[in-house]
Amino acid sequence: MLTHINESGRAKMVDVGEKGETLRIATARGRITMLPETFERIMNGGVKKGDVLAVAQVAGIMGAKRTSDLVPMCHPIFLTGVDMTFTPDEAHSVIEIEAVAKTIGRTGVEMEALSAVTTAALTIYDMVKAMDRTMVIEDIRLVQKSGGKSGDFVLAEE
Amino acid sequence: MLTHINESGRAKMVDVGEKGETLRIATARGRITMLPETFERIMNGGVKKGDVLAVAQVAGIMGAKRTSDLVPMCHPIFLTGVDMTFTPDEAHSVIEIEAVAKTIGRTGVEMEALSAVTTAALTIYDMVKAMDRTMVIEDIRLVQKSGGKSGDFVLAEE
Amino acid sequence: MLTHINESGRAKMVDVGEKGETLRIATARGRITMLPETFERIMNGGVKKGDVLAVAQVAGIMGAKRTSDLVPMCHPIFLTGVDMTFTPDEAHSVIEIEAVAKTIGRTGVEMEALSAVTTAALTIYDMVKAMDRTMVIEDIRLVQKSGGKSGDFVLAEE
Amino acid sequence: MLTHINESGRAKMVDVGEKGETLRIATARGRITMLPETFERIMNGGVKKGDVLAVAQVAGIMGAKRTSDLVPMCHPIFLTGVDMTFTPDEAHSVIEIEAVAKTIGRTGVEMEALSAVTTAALTIYDMVKAMDRTMVIEDIRLVQKSGGKSGDFVLAEE
Amino acid sequence: MLTHINESGRAKMVDVGEKGETLRIATARGRITMLPETFERIMNGGVKKGDVLAVAQVAGIMGAKRTSDLVPMCHPIFLTGVDMTFTPDEAHSVIEIEAVAKTIGRTGVEMEALSAVTTAALTIYDMVKAMDRTMVIEDIRLVQKSGGKSGDFVLAEE
Amino acid sequence: MLTHINESGRAKMVDVGEKGETLRIATARGRITMLPETFERIMNGGVKKGDVLAVAQVAGIMGAKRTSDLVPMCHPIFLTGVDMTFTPDEAHSVIEIEAVAKTIGRTGVEMEALSAVTTAALTIYDMVKAMDRTMVIEDIRLVQKSGGKSGDFVLAEE
């Protein structure tokens, strides 16, 4: 049975009280693809370059902090650090988004890292949607994770 | 220049005071792909079938309501309705997610529909992540939109 | 079938876009019962009399504003006014709580009034729980409602 | 004087820094009473049985996490687990609600358990209020508590 | 008597249901003063110039949206637009902050504009506090307001 | 370089995982100045004296708890205690505001204390703004801080 399901077959917030407090790090990635002119506008469109990405950076970090407000069975968590990186890929009109979340606690921070990526992607989308409604948010995934009983994980990517 | 950028090249919340109050509807879609055994567990794993999806349904609807809290330049909005549909695709171990958001207001509800989809996807991820860390959230996109000055939009999908 | 259930048997936020914008008022009541010494302490226990009730007043009003954050299928609402009254009943060591919520909108404010009452009751509980763990929050109910298509309602109370 | 009142007779958030970090568990209960036809509809009314209770389950767990946002003098807390149980009592058209909250921390989780119960009750109310405005939320109380300096507590119930 | 005080002498959320929906604009200003080296670091300290101000811009706009969550008697509001301007004054090591908030509604947006300014100031403070604990947030005031029954207002500034 | 800026020159939430958990206390102060008649009304204007300050007290404490929601790079924190003091200065029609925040954790609570002061000041402003639009929130500053690697700090005030 799934750990998040109680004896009545309903959802619960799993008890993590038995777990030890360890350093836990998770890295998530995703991307947003767009039209070439949209990409160009994000990279060069304003007076101060890259402002869309600065807003997405802030939104992603705040999104990580809101994870347990959004995802019903997530534990509230004391995040000790969050960082984000945006890697523009001009050839494909894509912005790659990466978030790294850290805590010292009883549960992992995979959801916080993933939530940072989706929030950042939605923020980019929002700021340029007036000129491009065909953008797609893609490939949101956990790429790495360390700490905790279940051990380390690295996504096999080709 | 992007509408979300002010004269100093910084982000602003666009003034929509001039826009009329009209019925606005947006439909967004996305999907989460997983291992066959994870898919099987979501569909049949608990005492009450489909409970994971019931939680994701609630989370998605609440996520739509939190959009302007999460996406910095989004306007607060009076959502008049939100509905979600989950379509399991057993052949590909995929759950398709669709959200429809409606309002009568001065701005569209694309972001609310998209936010419902990402929040629901994150919620599914969270509830089964203990057994599958290779899940991917994919293809989050606006598929339809009506109302507002910019007119209707239907995504051309092959 | 329940209005909050969609064709798949899952919860949705009911579409109220068709409803007219009318003045809507709802009054809810409830009470918290406690030991006589707890009652005495709330009424006379601090330097500034009645401070516990002042905090409960603020909490109740803020609780009304958070209703759509808490109750999944509730619509976000523009509350135009909220007021609360606390009526101490010394004979029974009870504090009666009443909340009146108002809006001009497409949905009623019953949930906002009820949420104000429960939040105020929880706040009283919290502030005196160190001396009394036998308190009970009781009889939370809608006593009156006006506006909207479904017409007016007055609870028949004996 | 009440612990939540400072020297000026005003409310404060009590300093718990001296308290030790211990396992703390609290169980709260309450109930919602309704018309027989409302009860029947909740239990059998949708395509997927019991969906109203699934939504209430999610809302209750999320409500526990929002406690310190709602109750002004409550400390923010790292909840390590929350579970809820709904026990339908057909004879009386009542749904009994129980919440168990756990933490390892410096303050108890009574308010979190109580808040889970009231939020779940409000959610049930909201989803069926269109057919029954006479529902009453009753008997919200702490039934058990363990951990912390003040020791264990079990409510004497007849 | 104050409009925010009810007949029992307690706070209430004033009923604005009688007020008309009009365009309302409010402009607030404030400043943060700091050591010259702190000022220099904010303006030139990072790889991307002015990043501290970009974060403060986002925080201020989000702070405007959170006003009714923070200020107990504030009405929830549909903000139609928010913009912020930061004016560095090198001679005095001061950053001037201005926020303009707009709505079409029944209540003014003074608090939203003021809240944007304080949140932006706190954000600047937070990001450089490691190097300067003597910063002061000053002179937070409403400088202009239009719309609503009470008419227009312009602060007389020498 | 600023600690809050990553290698790309963008904002990050600083990693505090290496820092020890120590008792941390911060005291912040500020004031709100107003017309003499406004001051008089706050102090004597309602049936229950000082109600405006009771609301500001609650708002300030809740504002401290919302700090990491408002200030983008702030870490979520387990506040162990918050207290506020309002000192009316009739001669200058000023209300002095002081907040003390405490935690046992890896980061300081300066921002929480400052946020309590600004939120309390905004709340006072809101409740009397109908009679006085010339109020000014002034001199928000950290006056004392203890705990943590950077050592103690006391603001030199003349």
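Residue numbering begins at 1 within each chain, and the chains themselves are lettered A, B, C, D, E and F in the order written.
The rule is simple: contacts are C-beta pairs under 8 Å (C-beta built on N, C-alpha and C of every residue); 3 or more make two chains touch, one makes a residue touch a chain.
Fair warning: this is a prediction, and the values are worked out from it, not measured in the lab.
Q: Going by the touch criterion stated earlier, list every chain that contacts chain C and also contacts chain E.
A: Chains touching both chain C and chain E: B, F.
Q: Quick one: which chain's Cα centre is the longest way from chain D's?
A: E
Q: For A-D, which listed pair, A-E, C-E or A-B, repeats its interface with over half of the contact pairs the same?
A: C-E
Q: Taking mean CA positions as centres, which chain lies farthest from chain B?
A: So the farthest one, by centre of C-alpha atoms, is F.
Q: Which whole number of Å gives the spacing of the CA centres of chain C and chain F?
A: 30
Q: Averaging only over C-alpha atoms, locate the centres of chain D and chain F and give their separation in whole Å.
A: The mean C-alpha positions of chain D and chain F differ by 31 Å.
Q: Report, in whole Å, the distance between the mean C-alpha point of chain B and the mean C-alpha point of chain F.
A: Using C-alpha averages as centres, the distance is 37 Å.
Q: Among all residues of chain D, which ones touch two or more of the remaining chains?
A: 8, 10-11, 48, 51, 54-55, 58-59, 62, 66, 69, 72-73, 76-78
Q: By the document's touch definition, which label belongs to this structure's chain graph: line, ring, star, complete, or other?
A: The chain contacts form none of line, ring, star or complete graph.
Q: Give the pairs of chains that touch; include all such pairs.
A: Chain pairs that touch: A-B, A-D, A-E, A-F, B-C, B-D, B-E, C-D, C-E, C-F, D-F, E-F.
Q: Which stretch or stretches of chain E touch chain F in the complex?
A: Against chain F, the touching part of chain E is residues 1-5, 7-11, 30, 41-42, 45-48, 51-52, 54-55, 58-59, 62-63, 66, 69-74, 110-111, 114-115, 118-119, 121-123, 125-131, 133-142, 145, 150, 153, 155.
Q: Which stretch or stretches of chain B touch chain E in the complex?
A: It comes out as residues 6, 8, 10-17, 68-69, 72-73, 75-78, 105-106.
Q: Quick check on the complex: what are the chain E residues that touch chain A?
A: 48, 50-51, 54-55, 58-59, 62
Q: Show which residues of chain B lie in contact with chain C when the two form their complex.
A: Per the stated touch rule, the residues are 23, 53-54, 57-58, 61-62, 64-66, 76-86, 102-104.
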